[in-house]
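All remarks here apply to the structure that follows.
Naming follows writing order (A, B, C and D), and every chain is counted from residue 1.
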Amino acid sequence: ALDAELPMSLEEFSRYGRQMIVEDTKGIQGQIKLRDAKVLVIGAGGLGCPCLPYLAGAGVGHIGIVDNDTVETSNLHRQILHNSSKVGMLKCESAKKVLQKLNPHVSITTYPVRLGYSNAFGIFEGYDIVLDCTDTPLTRYLISDVAVCLGMTVVSASGLGTEGQLSILNFQGIGPCYRCFYPTPPPPNAVSSCQEGGVIGPCIGLVGVMMAVETLKIIMEIYTSDNFQPFLMQYAGFPQQTLRTFKMRGKKQACLCCGDQPTITRASITSGSINYELFCGKRNYNVC
Amino acid sequence: MVNVKVEFLGGLDAIFEKQRTYKLNVEGPDGSTVTVGDLIDYIVQNMIKNDKDKEVFIENDTIRPGILTLINDTDWELEGEKEYVLEDGDIVSFTSTLHGG
Amino acid sequence: ALDAELPMSLEEFSRYGRQMIVEDTKGIQGQIKLRDAKVLVIGAGGLGCPCLPYLAGAGVGHIGIVDNDTVETSNLHRQILHNSSKVGMLKCESAKKVLQKLNPHVSITTYPVRLGYSNAFGIFEGYDIVLDCTDTPLTRYLISDVAVCLGMTVVSASGLGTEGQLSILNFQGIGPCYRCFYPTPPPPNAVSSCQEGGVIGPCIGLVGVMMAVETLKIIMEIYTSDNFQPFLMQYAGFPQQTLRTFKMRGKKQACLCCGDQPTITRASITSGSINYELFCGKRNYNVC
Amino acid sequence: MVNVKVEFLGGLDAIFEKQRTYKLNVEGPDGSTVTVGDLIDYIVQNMIKNDKDKEVFIENDTIRPGILTLINDTDWELEGEKEYVLEDGDIVSFTSTLHGG
């Protein structure tokens, strides 16, 4: 009877106690916000793997994971939620298993599909925040476009080699979107001289953990429409670890998606008339 | 003439002899003020050794799509882009957008 | 026969390929350094949990884990190598199980003991680098002292609330040690007004991942006796994520441990004549 | 008089009304130069409201053991400690050492 009057079970109080006493979380109030939050994570790879357990551990109540890839041995130096015995298993299912054991209070939904214009709205609807942990410009544009149409905040990150980048897009519908930053996609053939696509595990891992920090701050309303300023963070792991924050442009009135007269709308996306493949080229961009 | 620091981040150092930061003295075309546009011309003419690499940095006479330009850690769109007049000590950063995840 | 002539198995080439092609790792040469490295991690808690899988994933050949604590529910928001089904299990054994599955090529030794002056040398000997992932000044002084006596480099980190710190101590025997930075321990009763010891999971997690990045750089000789400069990095997760690097003092000639006339030596430590408890006070320091 | 920025990190903001950074105008005792020692006196006299909190910051007339002092991101031991003469725009940071793990 006593238990029933509390906003959480005693097990949850014990589980989250050490974070609830940090003043910035605002205690029970923040914990309930976390429990009610619905976060969609797209990609359970180098960014998603270190991010997901901190979301689940913190008590984010509803987590969706979109990934149709299966675990390969070559992933394991950086995709540390998976392991050698899971080679061949779907990454979203592998991740779910680990997270469900870490925190049984969290409800986890998996989407073992390739994200595309025809299925994105159906997957996104019902979530509050979307995390872009993917690895091609094509999906980065698509995720941003769909999130703008649905008014969802995006935590977008990427990494390569020893570096990484992170930004919050379309914050509460007021922030700039991916297209505001990158109205024109990079030409597929202009990347030839950049180093090939290797990556240091903990360097991309650190950026994934940064995504978790940003997501918790969005849920706990550390960022507000009053204090939010568009930014892009740039991390470098070598030779010294540095983290720079660049002050970025706001929403562009002329943006095709989030601007005053958008041509990229739910109707144009779902009808397939926004040709993401043509727009971005088919070359594997994962090189620069 | 103006003394500025230039940075090539996000893998762009690959076309600048793998060096991320340079300190430059740049002269303007008229001998007085130097804009970011002048700086970009200087970089393309003097610092990219391999002609084929120029298209990694420049497209249609401006910075290639997918590269962000920052002036003192601020998006150059907020600072006047190519028209921004450089002052001694300014830091101009170019960073390639990363896509890996 | 062909396989036998290669420095690594084909499975290892596939596993480490994506990191070997990053130029800073120097390919096979760097990978063999990783395989030969012997890293001792003290503490499988908030810092050790995110650090360990990146060391194992990268192929650090020999990892030791010292921890005599058992998993508790209240750990799980930040100690993400463990999980709810492991409550009551030794943390070092819980971590070993996960890491061994992640990378079977890594040899892992566990030390389910409380680190003290009488057992530290026996545990440390045979390792190249020690990672201080502990949570009291007492062990921080002890780890630094023993590492100085044995000429081992220490990657030392800590965190609380939304902040963290990281430093490399006694780098190749030339860097400053923990006592150079903190010749006098903080008075046990001077910490009363600081906020109590809460912590945000991904904030301490990020610092743990930073430790992995630094450890890989030490092993791969990105840091050398020529370029190493003493530093302390300060991370803050809230309100904005920032990472500052402070330039720090070098070795102090008067340092009781690494200075010109040390009184803290292997003999004085192992005889018990350095009273760490008296020196640091018995109060739980984990508050400021 | 000198204009400086002061930062309280690592939880030290707890005794400074939870504010991490302050911009201060500080006068020296003789009206001319201001040292870091003068700044510390100023902080103790004017900025720590609760007398009991002073021992968190000061011990035996200097910064308490366990707190690092940085002048423009450099350990004050390399800069002359209390004798360092402040200039306009200097940043002085105090950070409590963290022990959690």
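Note that in this section a residue touches a chain if its C-beta (ideal position, glycine included) is under 8 Å from a C-beta of that chain, and two chains touch if they have at least 3 such contacts.
These figures come from a predicted structure and were not determined experimentally.
Peer 1: If you average the CA atoms of subunit B and of subunit C, how many Å lie between those two points?
Peer 2: Each chain reduced to its C-alpha mean, subunit B and subunit C end up 39 Å apart.
Peer 1: Where the centres are mean C-alpha positions, what is the separation of subunit A from subunit C, in Å?
Peer 2: 29
Peer 1: By the touch rule stated above, which residues of subunit C touch at least two different other chains?
Peer 2: Where subunit C meets two or more other chains at a single residue, that happens at 161, 195, 197, 199, 245.
Peer 1: Please output the residue numbers of subunit D that touch at least 2 other chains, ranges allowed.
Peer 2: none
Peer 1: Touch graph across the chains, line, ring, star, complete or other?
Peer 2: line
Peer 1: Which chains touch which?
Peer 2: Taking the chains two at a time, the touching pairs are A-B, A-C, C-D.
Peer 1: In the complex formed with subunit C, which residues of subunit A make contact?
Peer 2: 11, 14-25, 50-51, 53-54, 57-59, 73-74, 76-78, 80, 82-85, 98, 101-104, 161-162, 195-203, 205-206, 209-210, 212-214, 216-217, 222, 227, 231, 233, 237-243, 245
Peer 1: In the complex of these two chains, what residues of subunit C are touching subunit D?
Peer 2: 43, 45-48, 132-137, 140, 157-161, 163-165, 181-187, 190-195, 197, 199, 204, 232, 234, 236, 244-249, 285-286, 288
Peer 1: Quick one: in the complex, what on subunit B touches subunit A?
Peer 2: Result: residues 9-12, 14-15, 50, 52-53, 55-56, 59, 64-68, 70, 73-75, 77-78, 93, 95-101 of subunit B touch subunit A.
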